[in-house]
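For clarity, chains are labelled A, B, C and D in written order, and residue numbers in each chain start from 1.
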Amino acid sequence: MNSSSKIDILTRVEGHGTVKLVREGGKVVDARLDLHESPRLFEALVVGRRFDEIPDIACRICSICSTVHKVAALQAVEQALAVDITRQTGLLRELAVQGGQIESHALHIFCLALPDYLGVNGVQELAAHEPEKLQMGLRIKKLGNLIQETVGGRAIHPFNLLIGGLGTIPEALKLQQLKEKLAAVHGDLAESCDYILDLDDLLPPLAMLPVCAVSGGPPLFGDRLITPVETVPAASAAAWLNEQVLLHTHAKVSRFDGAAPFMVGPLARLTLAMPAKYAQYFTNTSISSSLKARMIELQLAVERAQILVDQLLDDGLKNEVPVIAAPGRGQGISLMEAPRGALLHSYRFDNNGVCSAGDIITPTAINQGAIAVSLKELVIAMDGAEYEQIKKATEILIRCFDPCISCAVH
Amino acid sequence: MATQFIANHNLAPLLVRLRQSAELHGPVRGDDGVVRFAAIAPGTLPDLSAVRTLLPPKKYLLHPQETILKYTVRAGYQMPVEDVHQIILFGLHPCDLAGINYLDRIFLDDEPDPLYVARRSVLALVGVSCSPDEFCSCHQLTSPLKALFDLFFNVVEGGFVVTSGSARGDELLEKVKDLLEERVVAVPEDARRFFGHAAAEATRPEPDATLPEWRELASRCLGCGACSICCPTCYCFDVLEFCGLDNCSASRVRQWDNCLFKGHAEVAGGMTFRKDKAERFRYRYRHKYRGFGLSQGIPSCVGCGRCRAVCPAGLDLRPLAERLEGGQRE
Amino acid sequence: MKKLRIAIAGLTACSGCQLSLLNCEDELPVLLEMFDFQFFPMATSPALLADEYDAALVEGCISMPHEKELLQELRRRSRYLIALGTCAACGGVAALRNGDGRELLRQQVYGHSPVADETFDPIPLQSLVKVDAVVTGCPPEKEELLRMLAGLLRGALPVGIDYPVCTECRMRENLCLLTERDALCLGPLTLGGCGARCPSLSVPCEGCRGPVPEANLVEALEVYAQKGFDRTAVIGRLRRFCPEWKL
Amino acid sequence: MNNNLPVPAVISTIRPLTVDTSLFTLYTEPFCPVAASFLPGQFLELSLPGVGEIPLSYCGFPSQDGRIELCVRHVGHVTTPLKVAAPGDAVGVRGPFGRGFPLSAYGGQDLLLIAGGLGIAPLRSLLLALMNRRELWGRLTLLYGARETGALLFLDELLELQKRGEVELQMSVDHQEHCLDGPPCCRIALLPALLDQLELDPGRIFAAICGPPVVYPLLVSRLQRMGLSDENIHLSLERRMKCGVGRCGHCAVGTRLCCVDGPVFSFAELAGIEGSLV
């Protein structure tokens, strides 16, 4: 590497990937996303580990979505060992997951994506040019982390979420404080909504992609995948997603049944369950407007968190200890919505409760097909533009999917 | 001889009365079963049945981590101003009282430590008698340390005999006069060493380094630090300084340290004067049973038994102390 | 005053150490004012390597050849190189099955495809380059990160910690999960500095900060054995974050 | 005075002596006791704001105008940032602490100063004090050893004293390099070897020693063999120190505290105490 060398990697995304422009006769004809993140081989790492270690290990797949990975793994293990959790545990977990949703969306909107809209390089210039915008976003983000800390014990890799329950139930006082903070963030949220929903898309509208999302439970939870035309139960979700190993990416790619790839994530979720008051913002559901979808979900997450906190406080917090799980044979599959889309954790355990197989399917891995389709379309739409311009646009497009490459490769 | 007696049923009203003049703290059993010195919630009684709290009362005087200096470019180093308020510590056992007496010698003698002075001056010490368990060694040796108290409650049939040990104690007694009665009650003599009158010992020969016990202790110690964290008289501290992100402010922090840790005697370049853990045990031993510096000749172990109760490896310096110190001191 | 030039890079990891920095919501504006994060692909474009850095903060372990190159480049260009997090310091979760044969593990995931066949058993940074300081933890504590950065402003590296999690756990007057609840708490063997985060919520320490200096494994195994944990199970737990632990 | 609170001082000059050692001149308030009233061998605590505080021996002569000289080797957390400090930078000082060399006991006697490496710092202070009233003392000998000639500190000053006949100077370096073009009266040898050819009057001589702990046992046994009594062998010890006032608990040597009862001890006080020399 020479001095001041450009390292050809995608920036302002989680993890390591590159976008490569494919040229034919001097003309850009396609763009390809390569996920060359170093694989940690999580599906192999979990093998040989006792059931109670799986969630602690699996959450390390990714920091931004560690809470949802943790909860997904907990649910899968609990299903395998037939552990029932209490309502309180369920509510607290859901609250933590919404905290993760808030944190992740706020990070993406204000630190990773907004710089594109303002023509700055990232957080550093954002802080210099639009300090109020950054700080507004950080205040919302902080709230997401506070929720995760209050319930999970830590913003990243929440250790307090255990099989069958929690290590320590948060004090009512802490939840009361959360309630106040949630109420206090409304000003920032409203202002953010006004601002973000008003931004012009940076890319031309692209054709709508087929969408798919988890359904059948409270927001972000469920037991099946749905698309506008079909429903896939959790048990057959992995087969339907149909992950294959391809050569150019370290993440397995979902091939579905050979039809056009499905998109997952905020835009997919909203498309399938759009609250009426937000419909006006989506004349089309092109991925170019995904920032808006994320902003709306951010709003929804705060609202949901408020409901959950209220429910918990109304119920009154009980000092429950975790349900004890007996080691044994079994298989569990858990489907959830991570901030970036559908997430599946599935594990098998032998008679001693030792993991014999694991399968983890993550949103960005699923989205690879959708990203490829959109990239191609974008390149065609930009026919005749400068190489650098196309390159920049493709990076923005990829960011619209908010890829989480550590998750994808895991 | 007539004594001041308070009946058991009058304890609760007495606490209500004491609470009027200060925060009331004492041993409180948590949901997890751990007994800690903490604020006694109104309407509840301290747990006087517990032989020992997990942390000793030293935590009121020296915090595990505390800012001792603040720095700003404009004002230079300054002492932090701490918001202290009157606290009545109720339910201190003689060993804990003696432990405070020991800390006083270190932090009040000569050039008093300002933070310590501030916190010490707002503490009223109320002792309660107790009966030792298998971990305790308070009854084994005499000591020049005194169980200094403002008030002391001796447990007797049906209540307590209350003694004042200071003007402050007299004042407190005055407030609860109507709850006390004059009664002739025999108080069993407390044979514990903190009520004895031993003088500080002259220098003794070094502990014999060739004893196999040192190696045994060294090889079994997990290095967890619990023994000194929980000891009422371990006061070793480390000092760290942290710069503010503004690059023009800083705070200096002192935190509890342990003589069994690797860094305790380490100097620049990784050179250490007590590389060997057995040597560090002898260091601990010297301090606990012989003292050093100004408190030379004053054993700092007050026999509360905490170090034994909390040690995950079950280590115990007592047998060694009995051999090396016993006999000579009686 | 000239801002300190900082590079922040992630190797094989979950980005948690970098996110910990971005999670300092209150301090981030000040940080961005005091430091010039010149290379920080996760939060700033483009990824341009400058000639010189005052400090490079590197997250993650090394498990692919291109990571070696990047690390060596950063070392060459930086006055201080600081290992961020347990992966960088010890190998971390990615190194969980070091020694079980990388190729076998790879095939467990990718089958017979040659994808990522250049991957090797993850190694910590100091096995390849000189590391000037370590801020450990999975994830690292915000407070420690901020203190480390503030120290850099004064030209100082962080002072190493030499005590285990238990020390802080006792300072917080927690119930001891090992002695009182017979739980497999790794506190005695794990480097302190987290304020005994997990045991303070009644969750046994999982050892996420790596080994404490002078860890007494032999005796700890005895103590765990008395509580009913066999040696291989304990070593397995310890190896969750650091492959160096051996029977 | 509150001995926890550093008083402000300002770095006035920094003179690099070798690659890793510099001589700092600080100024605090005139008549400030930290600068004005110390004995050679005593130390102060130097604070570098935002970084930390370390014990350093006085290296100069007491001054009424607030001037303090310190010789610092740049080795770690606090001393490395000191290397890039600049004149005008603010620092803090507390002191003087500990027990220095017992100058009054030395009156009318011969003195053998032995310095190894950075140990010259407090001995320079002692030398300056001795020179101030040269007539009060008998024969003065300085043995000074270092790794290599480049690491010999204050060479000009020492050679000047030797030239004026005030002090008998003998130096040694461990390593061969460059010694050929090294200063006069310098040999390739380990420090204790310098004692070999020394003619002393053991009845009226005190030894004042400061150096790396490794050389202490050898030096002491040779001095004993030469007839010095344990009371007349004075050693300055270095220990981890945090408070300087006998509270932090790190620096005990036997039952004595290095920061209060030392750092200068007579060997009679140390004999038989575990870990006192190494």
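Methods note: a contact is a pair of C-beta atoms (placed from the backbone, for glycine too) under 8 Å apart; a residue touches a chain by one contact, two chains touch by 3 or more.
Being a predicted model, the structure only gives us computed values, none of them experimental.
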Distance-maximising chain from chain A - centres being C-alpha averages: D
Centre distance in Å when chain B and chain D are each reduced to the mean of their C-alpha atoms: 39
Euclidean distance of C-alpha centroids - chain A vs chain B, Å: 52
Computed distance of Cα centres, chain D from chain A, in Å: 63
Contacts with two or more other chains, residues of chain A listed in rising order: none
Residues of chain D whose C-beta touches two or more other chains: 50-52
In chain B, residues with contacts to at least two other chains: 240, 242-244, 247, 263, 266
Pairs of chains, among all present, that meet the touch criterion: A-C, B-C, B-D, C-D
Chain B-facing residues of chain C, complex: 1, 27, 30-31, 34, 146-147, 149-151, 153-154, 156, 159-160, 162-164, 166-168, 170-176, 178-180, 187-189, 202, 212-216, 218-220, 222-223
Partner chain A, residues of chain C touching it in the complex: 10-20, 22-23, 25-26, 28-29, 32-33, 36-37, 40-51, 63-64, 66-67, 69-70, 73, 92-94, 96-97, 104-106, 108-111, 113-116, 119, 122, 138-139, 197-198, 201-203, 206, 208, 233, 236-237, 240
Contact set on chain C toward chain D in their complex: 150-151, 153-157, 159
Residue numbers on chain D that touch chain C, as the complex places them: 48, 50-52, 77-78, 80-81, 84
Residues of chain A touching chain C in the complex: 1, 3-16, 36, 38-41, 43-45, 47-50, 53, 56-57, 60-64, 66, 103, 107, 111-112, 115, 121-125, 127-128, 131, 134-135, 138-139, 141-142, 145, 153-157, 159-160, 162, 167-168, 245-247, 249-250, 252, 395, 406
